[in-house]
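Comments concern the structure below.
Chain lettering (A, B and C) follows the sequence in which the chains are written, and residue indices restart at 1 in each chain.
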Amino acid sequence: MQQIIRALLVSLWFMFLTFPILVIKVDTINDIIVWRWMNALYIGAGVLLLQALWHAWKHVHALRKEDRDRDAVAWAVLVCLPVLWLAWIATRNTDKPLHVADKVFMILVAPLWLVDFLRSPQDRQPDWHDWPCMILFPPSLLVRAYLGLFRARGEAVSIPGVEHPNLLQTMLENQKAMRPLYLLLLVLAVCYPQMVEFYQTNIMVNFMIWIVLGLGLNIVIGLAGLLDLGFVAFYAVGAYAYALLNHHFGLSFWYVLPIGMVFGAVCGLLLGYPVLRLRGDYLAIVTLGFGEIIRLVLENWSSFTHGPSGISNIDRPPFVTDLSIMQATEYMYYIMLGLLLMTIFVVTRLKNSRIGRAWLALKEDEIACQAMGIDKTKTKLTAFALGATWAGLVGVVFAAKTTFINPMSFTLMESIIILSIVVVGGMGSIPGVITGALVLILVPEWLRGVEEYRMLAFGAFMVMVMVFRPQGLVSARRKVYQYDKAKAVNAHE
Amino acid sequence: MGRPDWSQGAGGGPFPGIYFKRVGTMDYFLELFFGGLTRGSIYALIALGYTMVYGIIELINFAHGEIYMIGAFTGLIVAGVLGTLGFPMLGILFVALACAVIWSAAYGYTVEKIAYKPLRNAPRLSPLISAIGMSIFLQNYVLLAQTSDFLPFPKLTPDFAFMEPLRSFVSTSELFIIGSTLLVCVALTLFIKYTRLGKAMRATAQNRKMAMLVGVKVDKVISATFVIGSALAAVGGVLIASHIGQINFYFGFIAGVKAFTAAVLGGIGSVPGAMLGGLILGWTEAFATGYVSSDYEDVFAFALLVLILIFRPEGILGKDSTQKV
Amino acid sequence: MKARWMLNVLAVLVVAVLAAGCGGESKEEASSGGEAPQGEIILGVPGAHSGDLASYGLPTVNAAELVVEKINAEGGVLGRTVRVVAQDDECKPEKATNAATKLLSEGVHVVLGHICSGATKAALPIYTETRIVCMSPSATNPPLTQSGDYPNFFRTIAADDAQARLGVDFAKQLGLKSIAVIHDKGDYGKGFATFARDFVEADPELSVALFEGVTPGAVDYSAVVQKIKNSGAEGVIFGGYHPEASKIVSQMRKKDLDIPFISDDGVKDDTFIKVAGEYAEGVYASGPRDFSSNPLYHVALEAHKAKFGTDPGAFYYEAYSAALALLNAIEKAGSTDYDAVVNALRTEDVDTPVGKIKFDAKGDAEGVGFSMYQVQDGQYVELK
């Protein structure tokens, strides 16, 4: 009873909160005031529904952890939605691609799946009585079933005192289980452009560009712990390097690709040097300022950069024969796939190298790090330079792909999105960055059907991920070196 | 082919058209000075709320600009409704201000509860992303609920007769902004220094755990900080929107970034610092526009910021906190 | 152990069923999107529908929807109904290519967009290659038509250079000698202003007192206004949109700077007058000729008021005209065939809110005369 009153109060609060903005629409151009009382009702009912769903989910989750009594109401609420949705799919009119029920499902149930997937503990096994679980949370079940095939060979060791891994992490750490998946993924990636439409290939190239950007920033933020809010500047440097060199000197894509990387690295050093002393948010604002300065120069120095009207007719990467635009995109896709694989390889090696460990140490504690004999200046500068290198690289790819660039593509918002990819995905983790780019770049692209609510959902999603998984979707797990006292003693003897 | 060759800057270089005519006159300097003062006061008014929130939980609250925008929108809506009922101008100003303050505070409180409170002990960047998400959400919420168009904002401040001779320097609405910035700055300083809540805020900002140990209800203090910061944002929102004369849903974003810059420039968490930071930023932009070119006003502002932070990494009035080992 | 194995199998089955459900759905989507059913004509409307430039992109969607509603109610085009497919590009080049390819996969027949010149330039190669007609209500960058690279591109708005010519000639007519040229650093405003500056410099009797960009969205423009005042300019030519224009004009008038203010189509918007209020009096702005005497203008205005309850936003009439022109061309061509539609656009006159128009070989509209307007008693009045 108390819960119901509380829920009602929360609903009332939100009705009050949204009252002026949602209910009254004032048009001061024509002096018209529209009262939309229904909106207040929708908000009230919607908030109530959300709360019911939330409580039901919490009940069910607790139930799966400990053997509590089954809560019929909770199950009913949670089961009803997907069942209704399935019924809807079966009966609906197929003319329109996306309908209200689909949107409701995507907004309400899909996040629950995701949350469940990322939070369900590994040791909890579903049993026969948990049939609603199977309907409700298929992704986690699927993963569990798959891992079951490999359990005998690759058992995850649980170490006391270390954060308990979630299902996804368990899977990623199970090398044997991942190998066939990686292979499958690679085969899929290679065949992808042959199987889908031009549009899908096109956005996939974009997606890969963002992954590489995220991987670059991941070095600066995720590994070295330097908050950079102006990362897009290096991306712009790469893109303009190719555009201008191509425009003035006709240099081709392949020559500029390494030049773009070098430009990026040099700019990283130039930015890194003056900000060596700054920490935390002071560093953030200075890098933000640097990013804005680069953009403003691009916008205002018209004689050099062509200003806001941009540079058009940039050459695509040359191929033996002339390509149509679709073939060119496909070609671009394979180039980008190659570059992406190279980036992942290099970044993985970097992460586990001497310098990678130095970055991590720097992130944890600067003073202790210096005490251990690590050169702080050199370590920070390499982080800036190596991070910016990748941005310069994909900047070149970006200019070649769109064949037109202007400063609109390099605003503060882009820096923020790259940062979000890294943090939402999970700082310091390469699969995390890929997941982050997937949910922040690819999913909004796929959701073009729900056009007007897209950005609203995007913002809400970022908040939700952070609230439920502050360390990111797929957070990095440090390698743990176990100290076994008995063994150590033995070794000494 | 299709390559425009008409985009030559006036001077050819990155700083074209450096401007010399009548530059030396005192009048011109004074005009720019007052222009910068207005602009700086606007930044400072937003930065004051910003720096409070910022100081207490060390979070770049990107949503602050959006709260400011919602405050202005609430003011607009209330003024629109009251306007049709035929209220007098000053009455509208006060009611609109009051409503804007109430709702902005409510939004600030709710945003803190939903997006920041669960993240108290999370990694440092998580609340930042949550704040960015909140900012995007609130922007699009207003865009969908209201309109994407620019809406005229009614002029709510009266014109004083005694201001007439000073017209080319300061207008009445500018005077309102400068005055309220000063007032808020003084009031806030006193509040933080002398009241119980203010002391609790300082304690929380210094060391949350210790504050909790000595009996400060940290959660309540943080909520109160958000409420006060948001209320200040609303005051700024209504006055500034009334001065500019138009708003749309994007009104808060740029202002938020500038206020953030001002707050950092002055030193995070320092109330006089935010004031000073805002003014310095305003003057830099005004003089850069006046003596060089407005093409590069932001470049000068950010370059100054970088310079100051390189020589004083804690901002102008920030406390030099040596890193704890 | 056995139970667990069976459980795994069951789990896989459940997921497979669900996946089939989803998969089935996506297939339906593909089939309804991939090849538009005969009898439906798809009008793509890409543009900025979110972000800071949304207020320039959304009116075009409204215009397209109103035109399509009206035409469908009258029986459609060639007996086929028309459907609007809007895609957001946020005025960013990379998003524009995404939007364009998305439209292609939806089987688009004609495109009404994009809004910004930059986005249009990025997307046009895709339309050109796939032979789809693209008509923008607002992309004013001259090379779009003048370079000859894009035979499929048309527009219902005058190019920057034409408008700048008009503005400069008008300033000369007013007897101004020294002119301050101000812009908003955007591709529209700066393009216009650059042409204006070049025309002024080319004219021996005129001189440029000041050429500067202001930061859009800034809280206050008094410094720039002081600078205009001190440059001794006798008039201001502004390139950009109405929000900045109204702020600059208000501050100019407040600082007793009563020199003529001449601007472009982005300012010739009733919102400007409402926002700037008394300060808008006397401002000049260029815009399509014969606006209010055109009956279709009132039809478009009333339709918007009836459906959305407000006055239309930026580029609404240009978009309304473009939608009419595109659909009329399909009607006249008798099919959605590319060559026939292009031919119809170039040869057939069509009545639109901006006048009776057809398009020249480059893609600019003929018959959209531009003339100068002045705000008099809170209304734009055409100067003849």
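Observations, loosely collected:
FYI, contacts are C-beta pairs under 8 Å (C-beta built on N, C-alpha and C of every residue); 3 or more make two chains touch, one makes a residue touch a chain.
These numbers come from a predicted model, not from an experiment.
Two chains share more touching C-beta pairs than any other pair, namely A-B.
Central chain by Cα centroid: A, whose mean Cα position is closest to the mean of all protein Cα atoms. Annotation: 30 Å between the Cα-based centres of chain A and chain B. Separating the CA-averaged centres of chain B and chain C is a span of 32 Å.
Multi-chain contact residues of chain B, defined as those touching 2 or more other chains: 1-4, 7, 140, 147, 149, 152, 295, 298.
Looking at chain C, one finds that residues 50-51, 141, 143, 149, 185, 194, 213, 271, 274, 310 touch two or more other chains. Within chain A, residues 27-29, 300, 302, 307, 309, 312-313, 452, 455 each touch two or more of the remaining chains.
Against chain B, in their complex, chain C makes its touches with residues 50-52, 54-55, 58, 141-143, 147-149, 185, 194-195, 197-198, 208, 210-215, 217-220, 222-227, 229-232, 242-243, 246-247, 250, 254-256, 271, 274-277, 310, 313. Chain A makes touch with chain C in their complex at residues 27-30, 32, 34, 86, 89, 94-98, 102, 125-128, 134-135, 138-139, 141-142, 144-145, 148, 197-200, 202-203, 206, 299-300, 302, 307-310, 312-313, 324-326, 329, 398, 401-406, 408-409, 413, 445, 448, 451-452, 454-455. Residues of chain A that touch chain B in their complex: 13-14, 16-22, 24-29, 31, 33, 39, 221, 227, 247, 274-275, 277-282, 284-286, 288-290, 292-293, 296-297, 300-304, 306-307, 309, 311-313, 366-368, 412, 416, 419-420, 423-424, 427, 452-453, 455-456, 458-464, 466-467, 470-471.
By the touch rule above, chain C contacts chain A in their complex via residues 3-5, 7-12, 14-15, 18, 21, 24-25, 28-29, 32-34, 49-51, 86-88, 91-94, 97-98, 101-102, 104-105, 116-119, 121-122, 125-126, 129-130, 141, 143, 149, 185-187, 190-191, 194, 213, 270-271, 274, 309-311.
Here chain B touches chain C in the complex through residues 1-4, 6-7, 10, 16-17, 19, 21-23, 25, 28, 31-32, 34-36, 38-39, 42-43, 140, 143, 147-150, 152, 155, 167-168, 171, 240, 243-246, 248, 250-251, 253-255, 258, 285-287, 289-290, 293-295, 297-298, going by the rule given at the top.
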